[in-house]
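Step one of this worksheet: look at the structure below.
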Amino acid sequence: MTGPNSLFGPLDPAPDAGYVDAPKRKGFFTDTSVCIGCKACEVACKEWNDVPENLYQMLGTSYDNSHSLNANQWRHVAFIERPGTTPAPDQPAAAPVDIGMPTVGAAPSGVPDEAKPDFQWLMSSDVCKHCTHAACLDVCPTGSLFRSEFGTVVVQDDICNGCGYCVAACPYGVIDRRKGPEGDSRVGIAQKCTLCYDRLTDNQRPACAQACPTESIQYGDVDELRERASERVATLHEQGVMDARLYGNDPEDGVGGTGAFFLLLDEPEVYGLPPDPVVTTKDLPRMYQRAGLAAAAMLAGVAVSFLGRRP
Amino acid sequence: MTQTHDGSPTRRRGSRGGDRIMVPEADFTSYYGRAIVKPAPWEKDIAFYLFTGGVAAGSSLLAAGADLTGRPGLRRVARLGSLGGLGLSVGFLVHDLGRPSRFLNMLRVAKLTSPMSVGTWILSLHGPFAALASAAEVVSMLPAGWQRIGPLRLVAVLGRPAGLVGALTATPVAAYTAVLLADTATPAWHSAHEELPFVFCGSASAASGGLGLLGAPVAQAGPARAFAVGGALVELGAERRMERSMGLSAETLHHGKAGRWMRASTLLTAGGAIGALVGRRSRLLSAVSGAALMAGSLCTRMGVYEAGLASARDPKYTVVPQRERVDRGEPVRHRQ
Amino acid sequence: MAEAHPVGFQWVVEAKKRGARIIHVDPRFTRTSALAHQHVPIRVGSDIAFLGGIINHVLQNELDFREYVVNYTNAANIISDKFQDVDDLDGLFSGFDAETRTYDPTSWQFAQEDQQGDLGRAQADDAGDTAAQRNTASGLQNESHGMQVGSRPPRDETLQHPMCVYQVLKRHYARYTPEVVEQICGVSQEDFLEVCRAWTENSGRERTTALVYSVGWTQHSVGVQYIRAGSILQLLTGNMGRPGGGIMALRGHASIQGSTDIPTLFNILPGYLPMPNAEKHQTLTDWIDSVRNPGSKGFWANAGAYGINLLKAYWGDAATPENDFCFDYMPRITGDHGTYRTVLDMIDGKVQGYFLLGQNPAVGSAHGRAQRLGMANLDWLVVRDLFEIESATFWKDSPEVATGEIVPEECRTEVFLFPAASHVEKEGTFTQTQRMLQWREKAVEPPGDARSELWFFYHLGRLVRERLAGSDDERDRPLLDLAWDYPVHGNPEEVAGGWGEPSAEAVLKEINGYEVATGRPLSGFLEMKDDGSTLGGCWIYSGVYADGVNQAARRRSRHDQSFVAPEWGWAWPMNRRILYNRASADPEGRPWSERKAYVWWDEDTQEWTGHDVPDFEKTKPPSYRAPEGSDGVAAIEGIDPFIMQGDGKGALYAPQGLIDGPLPTHYEPVESPFRNLLHGQQGNPTRKEYRRADNPMNPDPRETAAADVFPYVFTTSRLTEHHTAGGMSRYVEHLAELQPEMFVEVSPALAAERGLEHMGWCHVVTARSAIEGRVMVTERLRPLRVEGRTVHQVWMPYHWGQGGLVSGDSANDLFGISLDPNVLIQESKVGTCDVRPGRRPTGPALREYVEGYARRAGVADGDQGPVVTASAAAQQESAAGQDAAQQHSPQQREDQ
Amino acid sequence: MTTEKAARTKRSLLPWPVLRQLADGDVLGRGRSVRSKRTDELEPRTATADRVAHSVCPYCAVGCAQKVFVKDDKVVQIEGNPESPVNRGRLCPKGSASKNLVTSDLRQTTVRYRAPYATEWTDLDLHTAMDMVADRVVRSRRESWQDIDEQGRKVRRTMGIASLGGATLDNEENYLIKKLFTAMGAIQIENQARI
């Protein structure tokens, strides 16, 4: 049932969307500290969901040739080649050189060959966050995007009319309208990860989590995953990996916490994630209020324009 | 800016000071400069719709006023403007869908959280009445003999009440489009949510008033002139305010395509308003001013539209404000 | 491992989560390095120096697992005092014949207790013609025979005797200090010692260390010795035959293990029986004895049964004791008939027909140009594949068509491209990399005219036999007498028309073996008889159909069985999951430690038991000692875990079986910008070379200033997103898009040196070809300091060709043909090259460009300079160690 | 999910979602009320498949177990088998692309033939092609037969026919290949294992 936190704040989304006795909320915990960038998730997703090819173009951005999450890419593995975070004391931080990549393509850094910085190759499989407060769902004018009983956010291909509103609403840039290939049955409609809704109805795991060789993508009850994630961060901190942090796990955050959350080894924006996303509908009451005021002013304006004038 | 970051997630954390007011341009990190939020997939149609919808709404108001105050010339222009605006609006809206044949799916649900759904219902309410009023105007233009044909006569009779209902539902049509844009993750739109309704309502008033100036006899155009000038002032004023509250993404209103549109908008709107004021005796000057105001309104819509897209394409506008919040220790959290 | 075997890597990640330390030694920073605790960049081709350094660290600090080493390895064996090591002979071992570039291994042998006698019969047999062994890839005793040394060499279990293996080993590796490792490998001493520490601290009673290599290790002119070096280290640290230990080859094709077990290789027959050799195996007895090795310990003693069961499986009723089970029907090999020799023969017009079975040598084999020119000079070519691969279309769109070397209108090769059935469209077994057979069920019918190889070869055999029916030519007897009667099934129409699908299960049953009279499947190779009453096509697979049950089809859930999971599939031999697992218990048969318990002797039941099937006679107690004069199985003592070895011991030192020496020693790759720091002998002196103008190798660095023509080192490997030559990935949308273009990875420093722009084009040049790709400038590649100067390494994936959804130049075109002498595998993981910005020339200009390089480097005529570069004195002294009586058969010069 | 529970999660039968929004406790139209009939009836292909074949991944040699789901004699899904002790249900990108591999439109399904000196392919009937290959094998074998080698040793073989391949083939297939070639006297039979 709709409640005080329906637009912002901690919430169990399935009951909010009218489900009675819904199963526990399901989600992903993507632990990027064990991601090997194999892209099995990308392929398994495409195979299961009949997602067509995205683009055949080498991008030169390390091993990422999938570019981003989009209508033809429901999982996207980011690759970041990161030089040591602590440059040698006598070396100023290398000035960024624009050759298209973070370090790939950087000009000779002046660091002597013998000095081996703590180079890192970060990989992370990004996916729809299945937000607690999902802007895409809320702005959808057809009810195509809906909250499933598992608390996930799913597009109904048979309903969507391709208005594209969800695309602009998503604070993570996940959902997109499919542009091609020609002849594909879902061209023109919004597409994104469904958390394999059909598989979930049969107690199967989403295709990406099923395939992931290293359990970087873990599927399960969000409550339990959140606990597991906190433990994992604690373990990594004990091991001295102080960069480890969780992203999207806080039900108090701008989107009420995400159903798919992450353990990252750097700031979110390094991975192409917004550092502090807020669901746009949080401000919706205020927007309506301002619009009402403006509308009233306009009405008043027209009245004033006519008043006191003789034809 | 965009070139600097095209494909290069630069990291200059070390240089970030705590007391800066503006973030130096290069001082943020991204993933190869790729966009975080996606630009709305809407074509220019949607900007045109913002304009035609505004014209339709404002015209509907003017038409009702003219009808009530006995300004048939103004009424005619306004009612036809309303009809034309509506027709074009629906056309643009449908055309911009990925699946135009599924347009009616909009009426499947009524979602308060979706400005598009709300707008659809508003339009669904406003449209028939405004259209009916316009139809009455068309009937009045027919040869007298025809006007006596039963159904047409009914239309003519219903013209005024329909026009009044249409007028009452018109301002939401003009205002909701601001919420439509603001209720997105597009930085330049969302950050403008306080003032954008005023900009859009002002713009709609200026454009519809401009249409009145353009089409109505000078003698009957007074209210349109007042409405247009008032709208133009509100628009210009609200736009300045809006830029202040938008923060970083305000710069998208000054760069590139959006910058050109916005500069044109200011010139045309201000010029149109001045022209409207000084040319109150001149049919020609009134018409030119009216056209300028309409053009200015269109430019505003184009400018806001382009600024939004530009702000979505450059991750800076998404990252920097959020990063600053976080670094200030003020991330958005619900805690009550 | 994360790159090419991501799913296997889950176990590494799991180990890491449980506290294992992961070290990745690789020329470049890969996906594996990304998850490792430590990445150690190394110069390509210097692995023996690196491993030798660790061995030295172990020996100098006495960090070996002494009880294991003394009891289970040949550390205590005493070597003949005629043996001279590389340090004495400038990089050669004793017994070198510069003429044939091979060794006479007589002086390498273990000393004899009976000083009167000559070498044991077994040894004499094996100290044979190594030049011939090199040609027939039989030096290793046909892949897995183990050393056929006499069963009881003299030993000094105190390990103090100066000629005991332990001491010889210690002297051999004494020069491999951390400083030398740093100089040769470009690995800092700090990094190197870190690896040494990790390895040794994690080995012993309580812990084991696993060595995992991918088969790029085999693609070196010293490939076998790489793996030998790993074996020595794992034996010294007591990691063999124990859980969590061992050496695992991560093989790259679904059944590449199976295709050596049941080989389609020229030199062996199923079960690693040697292909009969015209020189050595004129009679059945010769053949059997060469495997059986009378006088040696171990299970090869039953080779007679294995061989006769195979002959019986081949020729059925026609094979009788009277006709030596049709042994005479076997064709004989006489030399090198390997794939590279054959391709050169094709160029020379000596081969008429060629079958390519799910193989794409136009992209996947070294020296692609030679491959394609060879194919263009055949009478007919049959390609069987899922897609229209490059090897099927060389006549119309290969790079040689562009250069004008192949003109379609002038190319006579007739090409048949048969569509093949995929893995879900046929049933059968794959043998995965841990020797486990897994049965696949057929899911659907193959599309259109696609058929299995089983169908193709069964019917090809049928048609050929039909054409020869009635022939009274003796040469046709082997075909006409062939047991070629397999039940068929499938589509009833096809079956009725005589084109049914043969039953893979029936073939598997034949492979397993059965009693001829009753048809009862054998339960294992111990049931094989040498009298013709049983038959079986592959003795090591015997048991896979035990009790008439397809054991490879077992799929008991991992949740319902032990961690060893013995009831999932079937592993040869006899479903043992860890080979030589007797070594997981101490000499008394007790587990080395509680946490590493695996197989042990149960005093109560008086038998071996544990988590796995014991790789030992079940009831032979640890205390068993062989009676004097025994051999074969009876000679295996209770403390001899390595039951396939002639002395039952793990071979730290290999007196036989290796063409290039009893101990791994560092040689530079055939193409290297560096001189061998350790010896005058630059490269492997015994490597197999084909010196001809169409196979030029880049120059020896000592030869001329021309070495500067190819200043960089390059290597190749796989990307996760693609599969080998791309035949199963470049044609698949969901894979092709993930890595859509050929690229070349270079360090920022090299990019600066050569003016390469990230994502711009560059081309890489060798004396064979020039290929182009996009430049990927990345710090994942780092220049190394080697022998006091900086060396740049270039890396390329090798998945592209002109076909498929995504195309590009093939990295294998860059390599020449130069082979490991033991197994005839090419050196295709290291070479020298030049890298230049921009695209390569096209058309005939490409050949001119490449030939210009070859001319400048002085190798245009195919002569790279001498192979043997050890000092003349050393050569002389080494040769003096030869057995004067040893006669070598003349060899073709060009064929060495 | 039990039927009863399904009834509670699925939509009510009111004909218009707007009405359901009010009736289903989903005023904002987020979940239960806006589901389509198709959504309610959705089932995974893995559940509707006619049969499942147990298979093994055809790419590398790790030996990952696969389940091949078949519907109407077409492969509709291939995924890892969670019961396998080798891969525990997991697959790499290549293994995950297996369905794409076997159902690809690019696969050859007819025999293609390139005559000597031809510049294009032509199609051949499968059985004709088999006959032609058999003819060539017989001919090449005869023409390049050696009873003895140049040193007079008995070799009884042909050096005119070579073969390469088999590392992705089944053991049974390799067995027949080696058996037939050996009986034929063809010895240049090689494999990826040498490469």
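Details
Which chain is which? They are A, B, C and D, in the order written, and residues in each are numbered from 1.
Operating definition for what follows: a residue touches a chain if its C-beta (ideal position, glycine included) is under 8 Å from a C-beta of that chain, and two chains touch if they have at least 3 such contacts.
A quick note: this is a predicted structure, and the numbers were derived from the prediction, not measured.
Of all chains shown, the one whose average CA position lies nearest the global CA mean is D. Centre to centre, using the average C-alpha position, subunit A and subunit C are separated by 46 Å. Distance between chain centres (mean CA atoms), subunit B to subunit C: 72 Å.
A straight line joining the Cα centres of subunit B and subunit D is 56 Å long.
If you average the Cα atoms of subunit A and of subunit B, the two centres end up 30 Å apart.
Residue positions 6-7, 10, 720-721, 733-735, 738, 805 of subunit C each touch two or more of the other chains. Among the residues of subunit B, those in touch with two or more other chains are 108-109, 111, 113, 117. In subunit A, the residues that touch at least two other chains are 38-40, 42-43, 46-47, 60, 99-101, 138, 143-144, 159, 213. Listed by label, the pairs of touching chains are A-B, A-C, A-D, B-D, C-D. Interface residues of subunit D, counted against subunit B in their complex, comprise 16-18, 21, 27-30, 33-34.
Across the interface of their complex, subunit A is touched by residues 1, 5, 8-9, 17, 24-36, 38-39, 42-47, 77-80, 82, 87, 89-97, 99-100 of subunit D. Here subunit B touches subunit A in the complex through residues 4-12, 14, 26, 28-32, 34-42, 57-58, 61-62, 65-66, 68-71, 96-103, 105-106, 108-109, 111, 113-117, 120, 167-168, 171-172, 174-176, 178-180, 182-186, 189-190, 193-198, 200-202, 204-205, 209, 219-220, 222-224, 226-227, 230-231, 234, 308, 312, 315, 318-319, 322-323, 325-326, 331-336, going by the rule given at the top. Residue ranges of subunit D in contact with subunit C, taken from their complex: 51, 53-65, 68, 70, 73-75, 78, 81, 83-88, 90-98, 100-102, 104, 106-121, 124, 126-127, 129-138, 140, 143-145, 147, 149, 151, 153-195.
If you check the complex, the residues on subunit B that touch subunit D are 108-113, 117.
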